[in-house]
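Next up, some structures in structure tokens.
In what comes next, chain A is part of two complexes: it sits with chain B in the first one and with chain C in the second one.
Right after this comes the complex of A and B.
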């Protein structure tokens, strides 16, 4: 991988971390607020389904996770296990796709 | 203060072992005094490096009770635990013998980080005038006093995890040149300090800054390099 590509990955991880910082706070605040009176699954779905704003928010959240986590793992795999090179990077692209796929499926199930 | 100091000293190469010595305690005794006493009075085969003895040359750095230090500027009083000292060669470098580490890779990385000044002018030209108050010069001056002792490199856990990582000293040197407006090799230097084995690998543990005997902050310089290479990458200049 070129030095520019490695640098852009680093920038993407920092940028996604900034997005995640906001997303995690909003997510935690929302669930703490929402469950105060006790909620059933059906009540949650009644509120979330068809809500475009929350659909967009959690789509951004999932994409930020799918960008952030594999880049971090890339360094962990290199430094802890000595795994470097293209095989590692392709494995991590697959991991990113799985993360994004599972996350977007969940977002679609709850908010679409 | 007990009359003697119990000292464990690394002997041999990478597969060596600690050997134990009893050294008389003295007032204002430094760790270098201890090592010198062992070589002169107890075991003349002990190999170690020193030159100036006053914290100028940086050649006497060793691992003392687990931390890299200049032995000439480390008083036994400040580091001995229960009258015991453990002295080894610097970490993260191959051991040549006893307390002598092989510094070649350390300095090769300075070269790989483009740590050489490349000027535009010849000796026929006049001096370039640089204001010491300019922001870039202040940044360079804050990092310029490094004497290449290797303490930060031995303290760095990223070097331990990734031997290809350029390390704090080489990156600190590159940072002084990135801020030197006279230098003509900026694009090559930014390329050299970008990527997985250079500035971006730093985890900001700050062990280098904690241990630097000159109280420099390689961590701050590396953070500056991260910003510089990120900007260059986004602008397509890397």
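Right after this comes the complex of A and C.
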């Protein structure tokens, strides 16, 4: 991979990390607030369905995760398993697409 | 401590990457949410949930430490940042355990 592409991945990893820093803090606070007193499907969906703000927030969250996780795994595969090259990158692109697809489907199921 | 935290940051990231597809799959089946929530009442699942939330807090704290070291003129603060990250992880883990 070219030096420029490597730099772009580094920037994408840090930029997505910055977005995720905010998203994970909000997500953790929401989890800790929501689990108090137990959870029911109806209670969760009554709070989430049709909520545009949370739909937007979790859409951004999923996209940032789909960028961040594969780039992180890329370094792990290279450094710990010696797997480099195009096959690894294609596998990680596939993983990114699966994460984004499944994540957006989950957001749509819970918030739309 | 900084090296241990860097390793923990990496291991938690790997664990979360494997967990995410399963998390998304469950949430996308919103109509079956109650059956799944009943399954999560088991003590072993509760313990796993606690582990996942703590791993998420750990990965967040470890990541913020990396961003601070790379982008802020705080290189001499490496030990302090590692302690801060560890403290945040423990606090988040305790808060979730108390809320369960």
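As a working rule, the second predicted complex is superposed on the first by the 109 of 112 C-alpha atoms of A that agree within 3 Å, B and C clash if a C-alpha of one lies under 4 Å from a C-alpha of the other, contacts with A are read in each partner's own complex, and residues count from 1 in each chain.
The rule we apply is simple: a contact is a pair of C-beta atoms (placed from the backbone, for glycine too) under 8 Å apart; a residue touches a chain by one contact, two chains touch by 3 or more.
Remember, it's a predicted structure, so these values are computed and weren't measured experimentally.
In the three-chain model built by superposing on chain A, chain B and chain C fit together without any clash. Touching more residues of chain A than its counterpart among chain B and chain C is C. By the touch criterion stated above, A:78 is placed in contact with chain B alone, chain C being left untouched. When the two complexes are overlaid on their common chain A, residue A:69 makes contact with chain C while staying clear of chain B.
Once both structures are fitted onto chain A, a short way to say it is that chain B and chain C open up an angle of 70° at chain A, using Cα centres and rounding to the nearest 10. In the superposed model, A:21 makes contact with chain C only, not with chain B.
With both structures placed on the common chain, the touch criterion links A:8 to chain B but leaves chain C unconnected. Of the two partner chains placed by superposition, only chain C is touched by A:106; chain B is not. Note on the superposed arrangement: chain B and chain C approach each other to a least C-alpha distance of 6 Å. Once the two complexes are overlaid on chain A, the chain A residues touched by chain B in the first and by chain C in the second are 14. Touching chain C in their complex are the following residues of chain A: 14, 17-18, 20-21, 24-25, 27-28, 31-33, 35-36, 39-42, 44-45, 62, 65, 69, 72-73, 76, 98-99, 102-103, 105-110.
Partner chain A is touched in their complex by these residues of chain B: 158, 161-162, 191, 194-196, 198, 200-201, 226, 229-230, 232-234, 236, 238. Remark: chain C residues 10, 13-14, 16-17, 20-21, 23-30, 33-34, 37, 53, 56-57, 59-60, 63-64, 66-67, 70-71, 92, 95-96, 99-100 touch chain A in the complex. Chain A makes touch with chain B in their complex at residues 1, 3-4, 6-8, 10-11, 14, 75, 78-80, 84.
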